[in-house]
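Comments concern the structure below.
Each chain carries a letter (A, B, C and D) given by its place in the written order, and its residues are counted from 1.
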Amino acid sequence: MKADPKGVLTGSHFMDGDHACCEGALAAGCRFVAGYPITPSTEVVERFARRAPLVEGAIFIQMEDEIASSIAIQGAVWGGKKAMTVTSGPGFSLMMEHIGLAAMVEVPCVFVDVQRGGPSTGLPTLPGQADMMQARWGSHGDYEIIAISPNSPQECFNLAVDAFNLSEQYRVPVMFMMDECVGHMMERVVIPEADKIEVTPRRYTTLPPGQYLPFKPNEDLVPDMFKAGDGYRLHVTGLTHDFRGYPAMNPDTQEELVHRLVDKIRLNAPKIWRYEEIDVKDADVVVVSYGITSRVAVEAIALARKKGIKVGMLRLIVVWPFPEQRILELAGQGKAFVVAEMNYGQIFYEVERSARGKTPVLLAGHGGGTVHNIDAVAQKIVEASQCRS
Amino acid sequence: MKADPKGVLTGSHFMDGDHACCEGALAAGCRFVAGYPITPSTEVVERFARRAPLVEGAIFIQMEDEIASSIAIQGAVWGGKKAMTVTSGPGFSLMMEHIGLAAMVEVPCVFVDVQRGGPSTGLPTLPGQADMMQARWGSHGDYEIIAISPNSPQECFNLAVDAFNLSEQYRVPVMFMMDECVGHMMERVVIPEADKIEVTPRRYTTLPPGQYLPFKPNEDLVPDMFKAGDGYRLHVTGLTHDFRGYPAMNPDTQEELVHRLVDKIRLNAPKIWRYEEIDVKDADVVVVSYGITSRVAVEAIALARKKGIKVGMLRLIVVWPFPEQRILELAGQGKAFVVAEMNYGQIFYEVERSARGKTPVLLAGHGGGTVHNIDAVAQKIVEASQCRS
Amino acid sequence: MKADPKGVLTGSHFMDGDHACCEGALAAGCRFVAGYPITPSTEVVERFARRAPLVEGAIFIQMEDEIASSIAIQGAVWGGKKAMTVTSGPGFSLMMEHIGLAAMVEVPCVFVDVQRGGPSTGLPTLPGQADMMQARWGSHGDYEIIAISPNSPQECFNLAVDAFNLSEQYRVPVMFMMDECVGHMMERVVIPEADKIEVTPRRYTTLPPGQYLPFKPNEDLVPDMFKAGDGYRLHVTGLTHDFRGYPAMNPDTQEELVHRLVDKIRLNAPKIWRYEEIDVKDADVVVVSYGITSRVAVEAIALARKKGIKVGMLRLIVVWPFPEQRILELAGQGKAFVVAEMNYGQIFYEVERSARGKTPVLLAGHGGGTVHNIDAVAQKIVEASQCRS
Amino acid sequence: MKADPKGVLTGSHFMDGDHACCEGALAAGCRFVAGYPITPSTEVVERFARRAPLVEGAIFIQMEDEIASSIAIQGAVWGGKKAMTVTSGPGFSLMMEHIGLAAMVEVPCVFVDVQRGGPSTGLPTLPGQADMMQARWGSHGDYEIIAISPNSPQECFNLAVDAFNLSEQYRVPVMFMMDECVGHMMERVVIPEADKIEVTPRRYTTLPPGQYLPFKPNEDLVPDMFKAGDGYRLHVTGLTHDFRGYPAMNPDTQEELVHRLVDKIRLNAPKIWRYEEIDVKDADVVVVSYGITSRVAVEAIALARKKGIKVGMLRLIVVWPFPEQRILELAGQGKAFVVAEMNYGQIFYEVERSARGKTPVLLAGHGGGTVHNIDAVAQKIVEASQCRS
């Protein structure tokens, strides 16, 4: 399906990542945003608040807090809207219970987290990348989500569209993991014409009321939804529920439901994985990175190459589900890894796990507050090239 | 230091794990509990509410929700109390922001999570073990905590004392990760005399006001505290702060503070690790387990041994920090692993990572709602013994 | 019915009015108190919190705010308890919605307001008597309540018992209008033996389920209640409801219900009125007063009598419903009035209205923060005696 | 000062009273509305939410509840806006604490209460007039406000302008007491050109910082304000405060401040009173009424006149301060009163008080849910004419 032109600001713009993210959401068909302002994510909702009156059917509501925001969007989705909420670290922590609910009742929606330095209040105006594991594991119980990390304002636009599309495709909350640098950096953002933007429609059932079971999955493990007002009845509960949506609190239904919720993403992972590889083929060392750090890594790679080291990059675009298979392949080819990220080890652990001890995995990490020092990353590349041999 | 006899219910009791956890807290010197009732953890606070009027200085307060509970205890700690809060999955998710705060400002306190089936509301009255990764990664930003998992009412008592002790030793929030089975199972619990119970006192500074810096670490990376009312001044903020506790929002202070917060646990990990090994020495397969599942695993191991398989067990008592070094040693000795846990893979990933591809790691997981089927675990042991060869 | 000895602290005590109020509540059978601390009322709940563990079935809960407190007690009443909440001005304002609910669904319960200087935060530690009209008119819509004003610690005990008794008799919320002086003043309080204290039991229906209609009034306009757990079904709603308790939103049911709610108090008023008269018979001037001011007025009256003025006092004990008939009788006998109260005119207006222009009505008012100046009241008495002639 | 044309929708419209009230607010310069939707007032804020993006500087915010709404507007006023909140009975009860604050710190602002049947949830969609005494007495402590009651959509526009003007003139919260009928009735509303609408500007001080005292009154008892950002410092507290705005918690400051707050309205009352008289001069009976009931009363009067009774009407436009002097004059001329209002006696008591027993005062009251029966009012007029003679 093509994008609705009403939400598409076609043209060439100079804007920051927060604003571009908002435009991506609008282009993807997002028509409901609930949020509570928090630096450095506020510009996303500020822009949506201003744009909403100009886009038919678009609503912005500032809620009293992040708990309210993260549930308001789910109500909007059941009412037929595409919806997102937007926050940063401390607010993201407050949303954890409702992210689990969204996963449990399979609400397609997008959570934007513009990462700043943490933990706690930390560094409100400075960058971080240390909410990556939280995005995957922050709510209680087993579930799976999708997480995406853009590294430029243009990607904030493009991938916001993809975030909504994946969310609809798999009926799963998608975490849009920006960082303060990408959010506040201004660059050229080209927004194509509406008929050049592919938008995934909601998966509406074709079954009539009576035959339709709201939580009975299709072959791809995803159940269909329905249009509110079309005469279907729905019972939505965070309790373990059967195909009808009614509570059925026993181990069998738990297995049937929760196992499917994790398999829905795990078994479809090869279709969801997305990464960019640069000069990987001939590389002895592969730098794994994402978000703003991937742009610093490019400089460090250039520096290391000047020193004669064969180094390439694997940039994660979809971070969760994690492309463990590709890491294993590269490890099998003897490539050492440097994981460059703005934390003291998060995705690093996933690379280490996926490499299965076949090659060294080094961390080029720091606590945030600024981007990496290029020399420090280059130095890790040198180290990796040495411990490999 | 020995336990204060006023909180110690010396004797041999028949009680469930929830009640035993409460008695352990009292024995450890816990004198402030704030909580909001949630199945299957409610009996912990119910008992504390009844016991509090009988123990001098003990206070229980039912707060309006889990957010309030998780901050009330931190106020109590600054006021000089040992404190804990108690919850289950959905409430635990609501506490995530304040767990990060406790880590950031180094408040010694205990969070009890009696795990039930999740995600979301899930199975309120039935067991789960799927909050294990959340315990480690649930709040935004980088930090480290300690997590402990008891597998009997007696351990609920013993390890609750240890939880408070470790919390004081490292000024870190400790997650006490029970499960519904351990919480509601009744067994004999022997509570020793007070002078047989070792209690770690708060690390009070010996420096006078003026010389004392509240966030300047000792050699073990842990700073000292002071007694409220003794004339010290304190500024506590979740913002990145310097030794004085004042906000200093720049990358250098971030590195100094947050790197220390993670190293405080990582570098001291060998002193914190705690696990039980059974028949590991001659084993070809090692079952890694914890909590109630470790007791089912023992049965499965017996079954497998009858079939002639050499299988032992490594039971995690302290789960976080994770004993990766021990796993690596065992993997190096060629032992295959079966990770038995009540989820679809959490600690499994840590074992897989730590084994570095040296031996197979299999998951015996299920979604909760009941304990494992013994045959299913035994079957995994058989599989592991086969894929090893 | 006689008081339950378990709640009765028989003996001669030296205590302040706040503590005496708490003992009166306990003697009356109050077994549930919910509150949020606020000066100068906090001592009432502090005492109840300490006394509750010693009185079987007694529960104190500190709620997160006054809104929660004022609804928690109503839940307790439906569950079979006698209950009260305790507050001061700002908290009383927050309770207004729930006072209307209590009136609408006829919940017997007691609201204690220890008045301080207002409006707004005003004078937290100093006395006032300016919530008297709010007690009567503070919630939206038409309703009637009973309000009582004690003028000594002994009366805080005695009238607290009466407050509960009237509340049960008429199924109406009773406002217990203390003031900071009476609340914090210490005097001898004699608590009789339990079998000397008359306690009004809850009016339980004798009809079986099926025949019983929870909002069908008896001849005295008051419907009967039932014991929770005895098999009756109840629907309680603040919406206009019929005898069954079901919403019936039309003018006829509104008339049937709301007219009865006001008539329940207005028509029974002669049985509820309660005042003390001193030297009124031969008086030319009658001082109308209540609470702490009545004790200052006694001094002023003595002073005026020394000057040869024939002056008496009518002290309001039950303030609402207002004894307009008695005021009219006295006015008919040509007696002038001085209304002494710690505000700029509240009960004054009721006296003025009730006197029907037959005699002068003067206000001896001030804004609170301290008790009246005796001379100022005496001077008003002189004035009144002059304008009368 | 003339109205800012940007907010004035000049022209002849067909709209209901809720919408007209919104337009009146905009014409008066209101540029900030905070509210929480509640029937039958929701249309006021719905319209403001739609109109705000079209009027420069206008902001609407939906708050999480009425407590938040009633304080948000006060923040906006201190920031330089004219502001109002909008609600109905239950929400009005929740605003009581903040109405007292507004009175205490002299915030010019408007509270719209579109009255429905009460008490409690009552009759959400049907009319009532039983919040009239609450408007005057609903918050704790002594204070005075202004209350206005429109009886048509046109008046909803006109008097909303006046409400803002009076609010600015006297720095006092103004209660705009509509009812469901007036709010939902559609009629022609003529909005004049902006230069025909008189708007009272905020009373800004002409004194420089340093000389200016924010709570020192002018001769008319009203202090001046200042423009935020112009370099003045302000301490605003609900505590009893001195001319500087600092807490001064003693009886003298209480007298100085609170006595002025009530006198500010009482002594200026003759300038504020506003009522409409019809055929009063030759009348034996005067019907006192307001809001929608005044329009029913006109029919009843016509009916009674046909029966030969000389009857006129006094319609209250400003209800508080109450025009007691005018009632006394009319009573002195021997005119009997019928008070027609949609409650069981509220303004009736004020008329009774003001008439000083000189003539009979009858109540034509009912509990709401529909307008009065014309015959019933006419019958009361007949009664009044008889008991007069």
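Simple rule for what comes next: contacts are C-beta pairs under 8 Å (C-beta built on N, C-alpha and C of every residue); 3 or more make two chains touch, one makes a residue touch a chain.
The structure displayed is predicted, hence computed values, not measured ones.
**Q** Please identify which chain has its centre, taken as the mean of its CA atoms, farthest from the centre of chain D.
**A** Max centre-to-centre separation from chain D belongs to B.
**Q** State, to the nearest whole Å, the distance from the C-alpha centre of chain B to the C-alpha centre of chain C.
**A** 52
**Q** Please tell me the distance, in whole Å, between the geometric centres of chain C and chain D computed from their C-alpha atoms.
**A** Result: the chain centres lie 30 Å from each other.
**Q** How far is the middle of chain A from the middle of chain C, if each middle is the mean of its Cα atoms, in Å?
**A** 59
**Q** What parts of chain A, by residue number, touch at least two of the other chains?
**A** none
**Q** What topology does the chain touch graph have (line, ring, star, complete, other)?
**A** ring
**Q** Let me make sure I understand the interfaces: which chain pairs count as touching?
**A** Listed by label, chains in contact pair as A-B, A-D, B-C, C-D.
**Q** Using the touch rule from the top, collect the residues of chain A that touch chain D in their complex.
**A** Result: residues 53, 61-64, 68 of chain A touch chain D.
**Q** Sort out for me which residues of chain A touch chain B in the complex.
**A** Against chain B, chain A makes touches at 67, 89-90, 92-94, 96-97, 100-101, 103-105, 113, 115, 117-126, 128, 130-131, 133-134, 136-143, 237-240, 249-252, 254-255, 258-259, 261-262, 343-346, 349, 352-353, 355-358, 366-370.
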